[in-house]
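Below is one structure, written out as structure tokens; comments come after it.
Going in written order, the chains are labelled A, B, C and D, and every chain counts its residues from 1.
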Amino acid sequence: MLDSYVPILIFVLIVLGLVGALVALSFVLGPSKPFRRKLAPYESGIIPETPAMRRLSVRFYLTAMLFIIFDVEAVFFYPWAVLLRQLKWFGLIEMLVFMGILLVALAHIWRKGGLDWE
Amino acid sequence: MGKNILTTTLGKLIGWGRGNSVWPAQFGLACCAIEMIHTATASVDIGRFGSEAMRASPRQSDLMIVSGRVSQKMAPILRTIYDQMPEPKWVISMGACASTGGVFNNYALLQGVDKIVPVDVYVPGCPPRPEDLLNALMILQERIKAQGILPRT
Amino acid sequence: MIRQDLIVERGVSAGDEWVTVESGSIRDALAELKNEGFRLLVFLTCVDHLVDGSRTWPARFELVYQLRNMETREELRVRTFVDGDPPHVDSVHDMFPPANWDERETYDLFGVVFNDHPDLTRILMPDDWVGHPLRRDYPVGGEVVEFSEEHERWQTAPDRA
Amino acid sequence: MATSTEGMSITRTGETGAFGGELLTVNFGPHHPSTHGVLRLIVDLDGEQIRSIKPVIGYLHTGIEKQAEALRWQQAVVVTDRHDYLSPPINNLAYALAVEKLMGVEVPPRAQALRVIMSELTRISSHLVWLGTSGIELGAMSILMYCFRERDTVLAMNEEISGFRMHTSYIRPGGVMADATPRFLEMLDRFTREMPLHIDEYEELLTMNPIWRARTIGIGRLSPEDARVLGASGPMIRGSGIPWDLRKTRPYSGYESYDFEVATSDACDCYGRYLIRIKEMREAVKILRQALDRLPDGPVNVDDRKMLPPPREELETSMEAVIHHFKLFTEGYSVPPGDVYVAVESGRGENGCYVVSDGTHKPRRVKFRSASFVNLQALERMALNHMIADMVAIIGTADTVLGDVDR
């Protein structure tokens, strides 16, 4: 049963090996002279004195949450799409119900004005 | 690493890799910047030499083309940008104003950018033709290919 | 056009009309001209008449206000002469918004102080620059060109050249 | 070397924004791909909204006015080329007209026509650089390649007539540098036929492009009163519905004899100014066509020996020619005392030259009234409460050249 996973294992090993080799080579062969001024944050040529970490406005949080909800919804489509042929009609109706609920949520957010930025 | 058959061929390989993918920082100051854009567009295509990707931030670029006149107010900023570029880095001083202060020998300009950053190739002209900048880039590429493996620190 | 008592001198130079006004009454003169339709201040600058033999100048610094009437397309140049170290004159940034940066540049390059200007700081030169470059007694600077006949004069001020 | 750190660093103010987040002070600094030069804007951001802008300029200050005072009258032409490096012949024209007005000299008609040709060619090449760079900043990558392909043909024409691609120094006090060669006239003829087709290509790329329209319509609004009060000029004032074009209102160098329309639009936003500049390119081609068809023949320089060197062959025969030649190239000519202001219409707006002469062979004061310096002040009023991404479109539409701003 496990041997169907061997290609994925080989694939992972090749990826890790290649990336590891490249990073190691560039670390060994490339010159590196870090000093304070080079590591200072780049802001169009001016070195800022105070850090840029400031409290952000709440709109960013709202947008982030909306994105996560609909992104997770999209993730559920993948397994469903793969098995759609076996699930036949039942699968289709089930997914439509699932999407319907989320569409109601989207309409509610839209009407409440959560999407426009001002 | 001593000089033996392995490191020289590796050095040639590294030099070839670095030389053919020199990414310039988009450091357009004055009139030479317009000619630099000409070099990047279709008629004289710098993309054939691997330098098409003019990066906006110094973090991703390894060649600074100082194209234009450097005023006294801009000098510390130019030095900061040069410091923030990762090693190995090179500088092309494009145009007479960047190389020697050019037409303006007065209080406001830095008489030559080599007063604050080490320059590898100077390009004469005010502004130089796009082909001159291409020639300077090819000279720089020969020099990079000859460098091979650079010392670690 | 404007009240006679304000005008010190009037003339035409190479086709351009100009009027000289006392430096103290520059605001009233410009306010009057603005009511008459000269609503656009094309530019404001200063001319340094140190060691200038072409005419006897009442003072060293000559401030030049170029006004334009967009409807009748007339132009008028208002001059005023100021002296002193640093020379003082009233700011007109509230009547003509473009004057804001022009005055900062004139302060930066000539050292003319405009009273009650909101933010009279250097605009072109670095903030800690010493001296006002466009004055005639400020050397042109830059590097001395070897073997040039102006080798010595290049560095020294004009009146001591 | 003055390493000023005070003016360089930024401190973050702590006021709170509209939705509780703190204002973030961001440095839209001198080394930035989309500021059309080394402009620095200290921007206070509330989330993505701009609350306040403080432009800091001077990073390309070249002391051109001081340099002009140290050069002789005919040498200063070289310096006038380089402050607005997108329209060098138009700067020369302003300086040349000013000196000629002081000397009381009139240029022969053929020189006036050649000056109009070079000014219109420069206007097209300046608008092409604006269109290319503004397009690529808003994501339209291919428009840059198209625009700079046409600009190469204009630069080839510059090189044909004056031997130099960009800073031609072609227009000088007393006339022009050299007569137009037949090859130049043939290139100009082909250019005036092909250019309208190329402009159609740009319009197909951008005018109906939904992304371009979404990024420019309604952005950078400048009302007619603001434009008039702030002294904006060029496409900035014509974009707000005021048809003020110096070639029509105060004609110079024979512009009154050409018929062309002043491109205005009362859309007051970036899209209106984009349409204006496209229309201005079409009008410039029309002027070039008329100038080429009616190019008068005759001398191209004033025959005033005091001002311009005598032709070479005369040097062998006449003694006066040698004396004039010697005096001109050692001391140069002197201009009668006085001051004059001449304004010409450049691609950006009103580029004027105020010249003061004290009778010696060097100018006492040369002041360039630069259109970008004044249009930049309108930036604060246009960009308030816009998003930071629209800031890029607004800097683009102001079409400021930082060499022109800092002189």
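Operating definition for what follows: contacts are C-beta pairs under 8 Å (C-beta built on N, C-alpha and C of every residue); 3 or more make two chains touch, one makes a residue touch a chain.
Every value quoted in this text rests on a predicted model; they were computed, and no experiment measured them.
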Subject >> Length of the shortest touching-chain route, subunit A through to subunit C >> reply: 2
**OP:** Starting from the Cα centroid of subunit C, hunt down the chain whose centroid lies farthest away.
**Re:** A
**OP:** Name the chain pair with more contacting C-beta pairs, choosing from A-D and B-D.
**Re:** B-D
**OP:** List the centre-to-centre spacing of subunit A and subunit D in whole Å, with centres computed as mean CA coordinates.
**Re:** 47
Original post:
What whole-number Å value describes the gap between the mean CA coordinates of subunit B and subunit D?
Top reply: 28
Subject >> Separation of subunit B from subunit C, taking each centre as the mean of its C-alpha atoms, in whole Å >> reply: 42
Original post:
For subunit A and subunit B, what's the span in angstrom between their mean Cα positions?
Top reply: 37
Original post:
Considering subunit C alone, which of its residues make contact with at least two other chains?
Top reply: 125-126, 129, 133, 138, 140-141
**OP:** Hunt down the residues of subunit B that sit against at least two other chains at once, touch-wise.
**Re:** 58, 72-73, 77, 81, 104-109
Subject >> For subunit A, residues that touch 2 or more chains besides their own >> reply: 45-47
Subject >> Arrangement of touching chains [line / ring / star / complete / other] >> reply: other
**OP:** Under the touch definition given earlier, write down the residues of subunit B that touch subunit D in their complex.
**Re:** 26-31, 33-35, 37-38, 41-43, 56, 58, 68-69, 71-77, 81, 103-110, 115-116, 126-127, 129
Original post:
Residues of subunit B touching subunit C in their complex?
Top reply: 72-73, 101, 104-109, 111
**OP:** Over in the complex, which subunit C residues touch subunit D? Could you list them?
**Re:** 13-16, 18, 39-43, 45, 47-49, 52-55, 64, 66, 70, 73, 75, 77, 96-98, 100-101, 109, 122-129, 133-134, 138, 140-141
Original post:
Which bits of subunit B are touching subunit A when the two form their complex?
Top reply: 10, 14, 57-59, 77-78, 80-81, 83-84, 86-88, 149-153
Original post:
What residues of subunit D sit close enough to touch subunit A in their complex?
Top reply: 8-12, 17-24, 26-32, 40, 46-48, 387
